[in-house]
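Order as written gives the chain letters A, B, C and D; numbering starts at 1 within each chain.
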């Protein structure tokens, strides 16, 4: 399900701090808004300088009326520079890129459950926006280290999602991890959408594989091109038994997170190598 | 007033401008097709292919460094068969000269590949004897004699314009460039990546799973430019310059230093419009300087 | 709990920490004396001196490039006599090991200089056989055999700890490092600058009057680190790592890769406090990792 | 006459555009204010990133009550980045560096005349500030390309300097260059202080050498260290006949713009090599 992508320079409408280290940025782009699907990402140039040189992949967080919103955490220099931009500054964006979540499949008998660890909630909010258009029983599980860093509860509740929260220090919601939350919800009708740090994803994998629950995971990987040309982000995958065997040779074992992903069926990933 | 033309003829490859894509940074031309007008390019150099498919190196394969990046892709590619049957037909659709790029670990592989690729409508063949991400010790292009032998053998089997891609990881680039020329190469491409490394001090591990990788991007430009300058003074075949070209001024520096054409690699990742902007920039430079042809720039360093 | 010490013994030079200044970037230690506490340093490597004074290359001598700079100073220096009579007495005032750095265009000059400098209270002698800014073709350090011969001769005349400074502009750094070791060097320093070039497209002239120059700064770090890694696996004498070190993490990368000490060059220009900040940063890293001595880091790449 | 120098990080008080491409920045530094002499410069780090890497030399424009002011023109990326800084941002400065003007020598029978081409006026304003403390007949000649780019007339007049202006296009003052202005003023009692682009300096040199007028010139040169350590800025100079011959060998023919300069006696410079 390929979407068209664009290279655009847009004026930043807003860039606001929403927690100790997270920011929300908005800009208008009819092109991107018309194409973007939940789980897709934007590849953003954070500076005109050659240091840092590469773009940074950031998920689409929300789209409303051609306004694109991203939610990002300041990790290093790239996101640091992004956070310094102010409304009126220009932002240089490629996108929407990647495959996105396969959420159209969700039928009535399936219960969509979104599992976000930390900033992993970013692509899931956009997914929730779209899911609530087709079903009324969207559950979102949010894991954070502490109360202050929980993101988007209000927004998600406004969408009428069922929101459950865990914190590592017990300062809000369940004292535990988002995997603990998921464990309690597990049943075979679930359709799981996950995004978060790798250790969390591995735990989710162990959990859902036991119960054979359909799960899609959004992965992160260092990227150069972001469009599938450089093979920098390719990861080892295993062929899904369900699908027809593909005869294109060995390289089919590697998939590009940027182009074939970032969303994969959880069973496709060779988790030992992550 | 005579007509301004950006056209160049590199070893028999007729290009409407001197801007090529650098192998491995543009896939097989398809990935960027939505973002840019590929028809504008002088030529497309496809990603290196090998006889058999290669899965490449483990992750992480790329790491950003000051002014550049290290990669250790390890020549992941679907192999010659898929290239010929699936990739090339699509590439030809752009009506731009297509140059295949091949590699191997033995002379025989290069020869066999060159043979396979000779009558399938390619405009040229680049042989990558300088990829640092495969077997470490002993790139062909680090030894003038090995370079000579290999190029000689490939030359015998192909009538295609033959471009030899050289590594900067050598004491004297001119010796290797001369060896390639003497063995019958029609052009040399330089530079491939500089071998580099990066370490994560927290985990105490190399940042690349493959430990070492190839450095590209603006950081290597001064070295690349110097090598193009040195090599082009010592060979009479065209030199295709590359290494850190980001802007039309960068490209013009390479032309002035002696390149007859230039290739754009890492810059594509940073700004997919680079090639197109460079073409426009060179045109403007020619107008400003009242130049009519690219050879008015090539080697015209004062 | 055992005591944390940053001290290192490089070839008999006892340093209170592994941070040295890179030759040519710190003058003779006097220029920075107001800005920083030079007594904190592990050692000072003075700017290269030659037998006779040298006026160096014409202007422009430096040009900024992405992530680094090119220089073609051309070993401007006041000569051995002024060094011995005027500079060294002041340098000694810092009570830090002083390492002289010498160069020449003939073996005999190195030998004569080494002889002149042997009993004047230096802690060590670095021989710069790798400066790209003097005679172009034929740096000693680009040829293992020349390196061996030269080091052997210098070794004979000096009892000082002898450090040989190598160039990265070679196909295989390990061969040169081994040649230096075999000839009796007590340590090797790497890297000197990568040879590079930059062109002004408006004037169509090289930006450096000397056409080519030496690339230094963050841009070269991946290459430097890789060479330190390669060389330190092949020699048993200490390796002094340098090339683009800006932060303590950079310095630790070099130590992990196999360096026993590191030198800071271009970073001094950007931030004169670099050395001091790196010393503090390494100390913190050792505390965090419960390391007691620098050798707990050196070569401990996983 | 060496001054102490410092490495300081200071908060920017103000950074304002004063003409189409010039900015004034102020910050407080007791250390620098206590030491700086006219003609000295600050070596400024324009970005934390490694691209551009080197500091940029900028003259001290004015000092009042420990407030350091600089006046700079946006030329390329370094000064471009500087111009983006706003009050409250930090600026990383080394200084004061270099030799400065030798203006103490001005006796009653000497008429100080300051000749600034373009942004070359920057170090001269500080000099004027100090000169007016010792004499009342300070003349300043300002050359600009056009009316809009003339800098600091008002400030200089406030100091009670005699100000004359030339513009290349004749839109203000004399239609001509600042050298034409100087030509009219020439007499042997003048003590000339010049700063501007090299072609202008060369013309001034020709002019004053004919009349043997005492002249000091402030030079620009690409710099790395700025403190005299790297030899990057060294230029060929000729020994002044007036002074005692120096016996330190050939290298004395090269002087460092950053440490021995940036101000030189105009006769010291080998103008053919500039």
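Basically, a residue touches a chain if its C-beta (ideal position, glycine included) is under 8 Å from a C-beta of that chain, and two chains touch if they have at least 3 such contacts.
Please read these numbers as outputs of a predicted model, since none were measured by experiment.
Under the contact definition, subunit A and subunit B share the contacting chains C, D. Per-chain Cα centroids separate subunit A from subunit C by 47 Å. One finds 34 Å separating the Cα centroids of subunit B and subunit C. Separation between the centroids of subunit C and subunit D, computed from CA atoms only, is 35 Å.
Residue positions 50-52 of subunit A are each in touch with at least two other chains. Multi-chain contact residues of subunit B, defined as those touching 2 or more other chains: 66-68, 217-219. Taken as a contact graph, with one node per protein chain and an edge wherever two chains touch, the assembly is complete, since every chain touches every other chain. Touching subunit A in their complex are the following residues of subunit B: 24-27, 31-32, 34-36, 47, 53-56, 58-64, 66-69, 71, 73, 76-79, 81-82, 217-219, 246, 266, 268-273.
The residues of subunit A lying in touch with subunit C in their complex are 50-51.
Considering their complex, residues 66-67, 218 of subunit C touch subunit A.
Considering their complex, residues 4-7, 45, 50-55, 92, 94, 221-236, 248-251, 253-254, 259, 273 of subunit A touch subunit B.
Residues of subunit C touching subunit B in their complex: 65-68, 70, 142-143, 169-172, 194-199, 201, 203-206, 211-212, 215, 217-223, 225-226, 229, 244, 249, 252-253, 256-257, 285, 300-302.
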